[in-house]
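Each chain gets a letter, A, B, C, D and E, in the order it is written, and its residues are counted from 1.
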């Protein structure tokens, strides 16, 4: 049904991005690029979350797909699977950049930043950083009962926030949700030991929800609001997002906030730490595909690249360890104020894992990518906390949903 | 060509052309898409399979029910609020003009802004309502109105009524003011009480307007997307997933465009059915076409 | 604030108690609704005009403004493209309002003044035009506009917005023209004025309340619109204020303060209309009142 | 039971936009139980306002209203057992004719069988039986008017108030209904107050006529009295068509006594009334019907302007020599062309004499004794 | 230039909801240039429809309309140089009185100075100079009516169409305006067609009267003719107030010749008209004004029902012995109480005789020769 025709000319590169935060830098990079090449770049900004998908669908439907999309590695892999992505080997090779979407030797994704999950707690209410499930639970209980606010926030519902949190909780208890190579992903969450561990995880989450404000469907901002308005003493969020936000409205509160890793069950170690990897995908088969590849390369090598990444410091981090240790990062004022968060990132850099890289040996996992796209895990928490499924039932609910995605 | 004919063409051709381009064409295109699997990609004709899938899907009855609950409750409440207020303003109350200004304002506000306001008021963390309810001891802890199972739908409905109550208000007020005051006086001379005059004169006069409001507003609310999407995205646990929200999910997060358009077709069919029954039973277009 | 106008035509004979009860009920209802309508607006303003740090000081929301601050507006105006978005909104709202009104006037006039077969069909078609869920029109419309090379143009957005508002405005004008006595036109014809001239000299001036209220409706639709702008406009500099605001409001650097400030700015044109044009609006609604 | 209606110093003010408008001013009168009283007067003189106060739809600004011994000044309309037909007819558009007529009975709790009986009885009298199940919009103007009358009559009220109930009808229907209304009044035990601006109706139908002048009572009397003994120039002019001719004259003393004269005529008048008015300007009123071409005791010269045929008679519109307008009713127009002159004679018997301020000094009967035998 | 107006077999049908309603049927007549023609008839008889066809606002279903020699049947209203005052007044609410009156002139391109001159002239005649700069909503009903008249007159049309231009006025104002309209007609060079349901207006103002009966021509004649020589029972009943009395009678042959009799009276009639009607039922029409208590050649017994004073006269409503209603106009009511009987006499001269179908057989003048000397 696709109709041909219309739209931007041959020398126009259509660029779809949800980085409105970095608009100034992006515009600078584009004008530098336009000075040097024959192409023009036309940016379409979307809001964060699902609206990139909506825009992409419309453009695809009209036969007017974008040439470059800024998206997560998981999305990039989906595009590749659908045959829409063009290889960007030129940019990746020899750049030292990670290569998360490598299919049959071709690279389809140019990472530009990493965004790890991270928790923040009230250091004036919690006596110390409660790192284990047990201490989190007892401390949260103490605070809920004594301090007039909830000790913790349990996220549920069809939001990215809830989905990432639940996934991370499972990882913390060494649940292997999937197994197998890219072309043969198997859902293993309800198999073998995984099942029991998954149930334990849900049980813990269920208990923690006693010490959390009720409600579901919270976006990142809602949880941050709970922290800001002192309705909760700790939240799990992404990077330094909470302090960046709270800085504006409650500057007095910021010094009472300390970063923390996700809670760990006794005896487990922190070996998978959810980190988004976001970057560029080049669309295949368009009139400006070559130009798009050029642009992506130019972008990654631009002098303003670090400015782009650091336009939301502490929330976005460079995609390489080298970048992480660069002067630009070290000299950043905000990062300097929150060295403890920076340390956490540095210390756990090797554990950072994208949801995509959850096949055997970190192979790209299309089921995980799709599950994230529909927030299956976030929904699972909802099923349990709001919908009153037992942890056992929840696990089999999740397993069913995941298998349904494979059809 | 005489002037009459010229004016006839001048008034209808542009309008018909306009509707053909911006309504008919997209609707036909969408209905066409509903017959294909993956219509925006490697389209393959599947006939009514998309319709069958949608109708037999597990969630369908629930989404339909949500839509009906939302459309009916927000429409009826808007009607009641509008009716009550119209009766008040019609009483020549001083301050009635201020009230009228106040009422039209929400209607003109973008949904986005309305949702910002209501989210801010009903938010469990920043929300003023919760803050005061807790402070006054009515609540022990804040309620996340937009994200608890039992509160989400009422919250969405309240925001909708806030925005759309004035639609009914203005139409009803106009009708009320068009009623011959002598009818009330005659009724009083004949001995009718206030309540009897209301029942026997006011209500029958408002009947046509009420029916039109129910039909038009009802259809609009059934199709309403933005207010729900911006406030709850259909959650929690699909408690506010109405058919339009489902259409969006199908189209954009499940990339099932055939399904999405099929569902839209089903909605259209349902509304058309309601409308036809309505036309038959109440003949409201007499209000329009008389 | 609310009191009865004494001695108004047909006002009650003093039936003391019944009267007092009724009066109290009326005033109470009025107050209740007034409060219900006002509170969200007040909250919006209160948050908008305080700096975030004073609005949220101490972990509770300050609704009683003690220090005015235009910090939020400064951020909006300097760090976002708010002015540009506003400009775009005004352009498309104005043109769609105009187009929708013109179409409504033309169609309304034609429907009331000419007899032709299929008029009832047309009446129903206008009502049926409401029934197709607008969100699914997004993709087809995008495809159509893309094919016509009209994406990112004020023209296309104007058309799309008009598509949403036109059914209702047509219905409204149709009703309104029925209240304009045809004898006015006939009297002009008999005096030698052509039909076209009669429309200018007589029909349009007399129908003014009608088309002003139609205009206000299309204004509401256009100013409110998010979906259609999202369909048609993909370049940052073409975004309308609702789309633009929805984008910058999910930035890390923008909080509730700026959100409410932006809302307040968006609310100003509707507020002016409510204030200055409500009488026309009421008259427009008053279709049927004159027949 | 028909009640007498007593109005005591009734005053009604309307304030609009800061201005106070006095619609009815210091009105005192007693309407006998069971009588038929008509209120007449030019548009805006306060007829409807007076009726509405009697109905209880307006509260007087000052003064009291009694129905018999009962003070109803502040009683709500529901408590007055009155029925009213409004100037605008005011049928309930959503009720059938039957329901319209029966609504008052229904509100009073009359059971359906009894209601139907009375509705049908009224409908028969008013000849609208065939229309009982139609809606008001399907009726012609005259039928609507009859429905309105029916719903008032059917209630068996003590006081029946009718506000120009025939203004919308053509002359023929009007004449027919006039008779019906009078007949119904006779059958009912009710005090009827009937507002009209048509003085023919007032004169033909009523026991008493109340003529208002800008809210004040001009005259309250039986119709014949109003016609024959107007208390002022205003009354004389308003009552009767064509309007009473007004001839200016002055009071002069002659050797014989006193006369009213304008040069052409000279009417002897009694000294007791005119002795102290010598030299005053007065106005003589004489009805066009009492002017005669044939002859009489006094005459004025008339120049013909227009002649109208009015049924079996003709009305000659003309001017006197001093330019005042004068109408003469004649039985045939033989030889009267525009511009022609003729003499119109009158008898002192038929005169009214008004002073400078428009008040009546005397009527013709007072003059006849002074005439030379 | 005033044009004569010729209607040839005009027919106008309206179809609504599948039904065809004939509003005007086979109407043929010629209105002389410069004359004043009134269309009368009961509500719904097609008066407005006829006028609208002349104005060009409706196209006849069949037949032709000529203004002089020009066939205007299909000409649009703009091309007819007609002016019209609508039943609904139809002032432009957004224009001042001055603009309202001058709009037609403005359309015709008359320059402003000339326009103002003519507007002021018209306003003066109609006494609305003080209102010129007001808006229509600020005027009283009577003033609005005069504005509408002014805007028609000011245009100097060939054909002036007036649709019940005084229906909203009270009797006094009506009488005044009637004279003004006639005066204006004399000053203008226009053919006037005037619609009214008030037959007094029709009778007093016009050169010709067109009486319609359900869309068909009942009679088209000068008003005196209509009154004195009605062509049918319908015409005789409609024209004149109170309505013409109808006395049933039969044609009988006697030794002497033929008579019309009901038992009480026996009116000799000429054989040429009645010879072949012996035994037929006929109706005698006699106007209430021509019935006399004093005496006359033939009489009927009347039982008094109601007596109305009507100005200087009285109308006695009564019944004949066979129960038909009868009205008698008398000069004084001396001694007439309800239930009393008296004899009312008439002269054959004043009779109309109608056949079974309501058509006139002859008027009184045809009978007078048959009377015994």
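Heads up, the rule we're going with is that a contact is a pair of C-beta atoms (placed from the backbone, for glycine too) under 8 Å apart; a residue touches a chain by one contact, two chains touch by 3 or more.
No experiment lies behind these values; they were computed from the predicted model shown.
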item	value
Longest centre-to-centre distance from chain D, chain (CA-based)	A
Highest C-beta pair count, chain pair	B-C
Averaged-CA centre spacing for the pair chain C and chain A, given as whole angstrom	40
Chain B-chain D separation of Cα centroids, rounded to whole Å	58
Chain C and chain D, separation of their C-alpha mean positions in angstrom	55
Inter-centroid spacing, chain E versus chain A (mean Cα positions, whole Å)	93
In chain B, residues with contacts to at least two other chains	3, 33, 40, 126, 185, 248, 251, 257
For chain E, residues that touch 2 or more chains besides their own	76
In chain C, residues with contacts to at least two other chains	10, 56, 60-61, 139, 143, 194, 246, 256
Residue ranges of chain A in contact with chain B within the complex	1-2, 50, 53-54, 57, 60-61, 82, 150, 156-159, 213-218, 222, 225-226, 228-229, 231-232, 373-374, 379, 382-383, 386-387
Chain D - residues contacting chain E, complex	42-44, 140-142, 170-172, 175, 178-179, 182-183, 197-200, 203-205, 223-224, 227, 238, 240-243, 287, 289-290, 306, 308-312, 315, 317
Complex contact set, residues of chain B against chain D	180, 182-183, 185-193, 196, 200-201, 204-205, 207
Complex contacts: residues of chain B adjacent to chain C	3-4, 7-8, 10-12, 14-15, 18-19, 21-23, 25-27, 29-30, 33, 40, 81, 84-85, 88-89, 91-114, 116-118, 120-121, 126-128, 131, 162, 170-171, 173-175, 177-178, 181, 184-185, 194, 215-216, 219-220, 223, 225-226, 243-244, 247-248, 251, 257, 260-261, 264, 267-268, 271-272, 275, 279, 285, 287-290
Residues of chain A defined as touching chain C within the complex	3, 5-7, 20-21, 23, 42-49, 51, 54-55, 57-59, 61-64, 221, 228-230, 241, 244-245, 248-253, 312, 315
